[in-house]
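One structure, as structure tokens, below. Some questions next.
Each chain carries a letter (A, B, C and D) given by its place in the written order, and its residues are counted from 1.
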Amino acid sequence: MPPQRDDFARELAWLRDFTPATRSSAGALPSLQGERLLVVCHLDLKMVPYFEALLSAGAEVRACAANPATTRDEVAKLLGSMGVEVPARKDDPPDRHAAHLLAAVGAGPTLLSEMGADATASTGGRLGTVRGGLEATGTGIARLRSLDLAYPVFDWDSVPIKQGLHNRHLVGLMAANTFLNVTGLSLYGKTVLVVGYGPVGRGVADAARSFGAAVEVCDPDPAASLAAAHLGFPTPTLEAGLPRADVLFTATSRDGAVPAEVLSSCKDGAFLANVGHTTGELPVQELRRRVVDRPRPHVERCDVGGKVLYLLAGGAMFNLAAGSGDPYDTFDLVTALMIEATGFLATEGVGYPPGVHPLPKEVQDRAARRYLEPDA
Amino acid sequence: MPPQRDDFARELAWLRDFTPATRSSAGALPSLQGERLLVVCHLDLKMVPYFEALLSAGAEVRACAANPATTRDEVAKLLGSMGVEVPARKDDPPDRHAAHLLAAVGAGPTLLSEMGADATASTGGRLGTVRGGLEATGTGIARLRSLDLAYPVFDWDSVPIKQGLHNRHLVGLMAANTFLNVTGLSLYGKTVLVVGYGPVGRGVADAARSFGAAVEVCDPDPAASLAAAHLGFPTPTLEAGLPRADVLFTATSRDGAVPAEVLSSCKDGAFLANVGHTTGELPVQELRRRVVDRPRPHVERCDVGGKVLYLLAGGAMFNLAAGSGDPYDTFDLVTALMIEATGFLATEGVGYPPGVHPLPKEVQDRAARRYLEPDA
Amino acid sequence: MPPQRDDFARELAWLRDFTPATRSSAGALPSLQGERLLVVCHLDLKMVPYFEALLSAGAEVRACAANPATTRDEVAKLLGSMGVEVPARKDDPPDRHAAHLLAAVGAGPTLLSEMGADATASTGGRLGTVRGGLEATGTGIARLRSLDLAYPVFDWDSVPIKQGLHNRHLVGLMAANTFLNVTGLSLYGKTVLVVGYGPVGRGVADAARSFGAAVEVCDPDPAASLAAAHLGFPTPTLEAGLPRADVLFTATSRDGAVPAEVLSSCKDGAFLANVGHTTGELPVQELRRRVVDRPRPHVERCDVGGKVLYLLAGGAMFNLAAGSGDPYDTFDLVTALMIEATGFLATEGVGYPPGVHPLPKEVQDRAARRYLEPDA
Amino acid sequence: MPPQRDDFARELAWLRDFTPATRSSAGALPSLQGERLLVVCHLDLKMVPYFEALLSAGAEVRACAANPATTRDEVAKLLGSMGVEVPARKDDPPDRHAAHLLAAVGAGPTLLSEMGADATASTGGRLGTVRGGLEATGTGIARLRSLDLAYPVFDWDSVPIKQGLHNRHLVGLMAANTFLNVTGLSLYGKTVLVVGYGPVGRGVADAARSFGAAVEVCDPDPAASLAAAHLGFPTPTLEAGLPRADVLFTATSRDGAVPAEVLSSCKDGAFLANVGHTTGELPVQELRRRVVDRPRPHVERCDVGGKVLYLLAGGAMFNLAAGSGDPYDTFDLVTALMIEATGFLATEGVGYPPGVHPLPKEVQDRAARRYLEPDA
């Protein structure tokens, strides 16, 4: 047995072993010689292979944190040692965080690759050096749409392979898995109420059923209700469903999906979790005022009019905040898609007219093909 | 295109095309030369290959109807033309039916192959010529257990491959299918209450869920309730479940499973069907007194205190009485099992001590192997 | 027991009992007084309630057959007796069929409700009396898009509630059900290859799995392949999948999806069926030249180079051509949607600019709400 | 917010919150005054409520470790502080472990409650003070059957509610969950081969399918193969299945289920895990000789003739050795069953004749009822 490498290096090596599509896409990335790329993203281990691909292709790369809370210092240091300019550190205070972005923008990037559109928004979408950008989040796309962009930006959030794998399957499965890990409890025989029946809600409902729960679905949209009913899920209103629900998951992308007023309808002992992007789907403030105990990490026991309610992960996106997010092998598809999108951006993409464009299907398909058959 | 053969012959040819395990078992059947076999069974097309196998092996064969209602005259005639002594015709009156059995018993059979144990029961299990028997039904086994048998009888009703395929899967699937065919309606979005959660009930619950129903399960046995709850089925009491149920299936093997008193709790417009062996699981007499219309074959509309209830197939076993029973390809396993059991009976089986015995696992396995790999 | 009404009347009464959303939508239909409606549709029993609603609302109504092969004479006569002008009869020859359409167009309709766009196409979309139309099929929409329309036409084919129920669930379930009914065989233990993984293909794959098949999926689109793989379906190429497939279903909407050249790769004894809209997905001509027997209705046995292949329903849409199409209760949603769409068309819709428009979501939602809660 | 209690106390309090059936059974436990109970079990947190119930009922209680490796010192200390005589500590060496058992036996227990039958086996089943016992494991039951017992012992391993929940569902779900946690990888699109299709294997196959895997099943028993085929699982031989399997789970209860010779047929990069009771199902010694790296806890990378294979949890029972075993809420049923069994043993049970008996169904049902409706 050889001596063990340190944990971080081992984890990165493990990640590499299960990201063959990333490797394949990286190998086919056109030259980025002469490009100055600004990447605004979560500075997490899973992003390392993306940066490696950019550097290999000859780009000059700067990175800013999409959210200081998610920055992993080891990752920032590793990227720095590889030649990426990345001053961010975990929990940078707002002024430091802002200064980093300002400096990065000031360095005159030619291409942007963003999660949340901070760089574009902070420059009104008119930064003169920029020839084009990529945006990975629905929130970012919404911000971009309100700007008079001077360059094309490609939306790869809503592409079918990302929606179809991540949103439709992974979030739900990881949420159910995280429930087991965080509570030490099963879903067998429990009634789970899924609030919101978009792709994420569908995944949660399917996963909860396969984990043994009796699942009900609540969505005010009649077409969504119909879709749930066709799979045998009862579709009560929120008020009618709450008194039966042992566990509630919100997945609506809508603040106030579960208003504070309905808490009194909840079943005694119910668990409340959110898997939508916004922390405001559950009445977090109301619940937080009534916390009486923190019996386990990510679990807060609240007393609401004499009833116990458990708030999970403080109402933040449960599978991420209390779990490990996407598995490495499935994130391989996401990274391959980012690399393909970057290669496309630097070549054909910059020739598109200013404004937001969907990432062309043939670019998506290239990533999907590499993921399905990395050796082909 | 060659000219078409007549329908019956075509159907038989079709059956033969999809029963390779039967053919394989028949080819390996030991000689039955010198044996006089009395077969008491449903005189249905699917039984023809069994008789052919017996005749090929040199047996002298007589047949009686297990139930005059299920006798198909074309089958009886065909068997007769092949050399089987079979006086039965469809809907023979009780005295004729009894006379046929008496004559068959009087002919001094050496081996019995029964469905329901009529021949054995009518002779107290002491017919001197008989060296051994087979029995295919739970009802028959119950009758046999009360007798002081003079010969061994092998029970092949409760063998895992019959229970596991027929009871666990086919009955449920065919019941759901027959519901579509008989009512012209789907199960999408309907609440289905399954009363009785043995193997048959499990199959019905699974099939109804996969046909789009919200399924609930009612079984007084707590272990059965637990098993249902682990798959996410709510488990109300009968009284609590009835007001929600659009469709009710009984599968309890127990007369009076749904007593007449609870009919008033049923949902207006509910469909009531039974897939258990006994017609008495539903309160058929009570319902039949209240029939106001027969809107479709196998459907009776009843008025129960101002509510409409639909009785399906008169409360008889729904998948058989209103549907076509087992598919040909899966019945192949049943026939192969009958042939293997007969071969075993005539050789080793007759040496067993008197009484009821389970059919040995190695005999079952032979049939299962031929079914899984008919060409091996 | 009252005397039984005749079969057609009983069937219509049964249909009415299970179409409460239709009744609810009909009750809310605005006055159509003064409108001359031309309906081009399948003259099937299920369409009767739509015509009744139109007449009740005061419209003058004419009907033409969308396809003479699907016209049911009893329906045409009934509609005639109700006051609809409908000369069509089953299997009208092309010239008669054309003459009916010509006469109907000549009568100067003010509104059109079509399945296939024959009336609009035959007048180049410029008929002066017409103020607006509805179109129910993808084929019709494609025809409309090539015309310079003088009026607005609303597309209700691609609305989520139709796609999500009919395409995603019903076609697949009814195809699996029809396979059992037509062949007398189960899908247990069979390998089913689904070619094409759009909504219909997904429904077929799910249904086949729940009927006990080992399902594989073949779709050249990598995003579709990924989606199938995420549900645990192997995703071979057509050539790699065919030698294992006991049953093949095409659902691609693409002629030549299974080219004649690959027939030699099929497994001996395989069944070939199509559930896509076009009969050309399977190599029907090639197979038809090799038919050696017609062992059952809708089943043709072909000899392809010494191998037996079974062509089902002549390659036409299997669930319709060999089965009964949508159940009555689920068609209720379709009819309610047609009525809501017609009411919208006659009021707000005619004010839209010329061209093809999606049916507004609020109109869809009205139908969905009535279907979910007909009494609300 | 009150100050947080220490972790162990919090965990115990959490456990208590989710074990209402245990509480209910404990409340109904008959007096054990005058009984000296010897409990041989895993000294794990989940066992604490059982001991509390025994003490509350007035018993004098001693405890020995069923396996020194699973002893948790905090648990042993807590039990000691409550009045249980329990000298065991984690990883006691064999001589200390043996001495503890000897002392406990020497103290003259009147009742035994065992997991593995060490106390009974070490005294030949003839210890004079003992009036009866309970045994919780299949291994223990096998040992008991070879002894000439002087007292009755009740087997509660094979009771349906334990088999049906724990074996059939929990092991499979927790194994799939543990795979995610231990490897950081998903099962999406992977081919999982389940070797052994008893209740545990069925649970693994269902869970793996619901986690997105293409599942195949291998079991030499034809009845088991048939059962798997009816659910659409391909059923290759081990040799035919291995080259396709990305992940293999053994669940056969048979040493040598995967012999060393077939390792060369494995797919490069395959993961090998065992969920059966015995560590010998996989060729652990052969694999351990070829370990080249330990990239993550519970993961060993082996080089087998140039191919990489990953051995998980060293071939020990994966869900326990690398995961957290049963969730607290479902273990509630197990504890309630133990308490009911102990109450029965001390009253009626001791009156049974010597030998092994199944735990009567009414005792099981009492536990199941408390679990289903703890407040009833």
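A few remarks follow.
Heads up, the rule we're going with is that a contact is a pair of C-beta atoms (placed from the backbone, for glycine too) under 8 Å apart; a residue touches a chain by one contact, two chains touch by 3 or more.
From a predicted model like this one, the values you see are computed outputs, not experimental measurements.
For the interfaces C-D and A-C, the C-beta contact count is higher for A-C.
Ranked by distance of CA centroids from chain A, the top chain is B. Between the Cα centres of chain A and chain C there is a gap of 39 Å. Between the Cα centres of chain A and chain D there is a gap of 37 Å.
With centres taken as mean Cα positions, chain D sits 54 Å from chain C.
Counting partner chains per residue, chain B has residues 165, 169, 188, 212, 226, 229-230 touching two or more of them. Per the touch definition, chain C reaches chain A in the complex via residues 160-161, 164-165, 168-169, 221-223, 225-227, 229-230, 235, 333, 361, 364-365, 368-369, 371-372.
Listed in rising order, the residues of chain C touching chain D in the complex are 188-189, 191, 208-209, 212-215, 226, 229-234. Listed in rising order, the residues of chain B touching chain C in the complex are 1-2, 4, 10-11, 13-15, 17-18, 165, 169-170, 173-174, 177, 180-181, 183-186, 188, 206-207, 210-212, 291-296, 324, 327-330.
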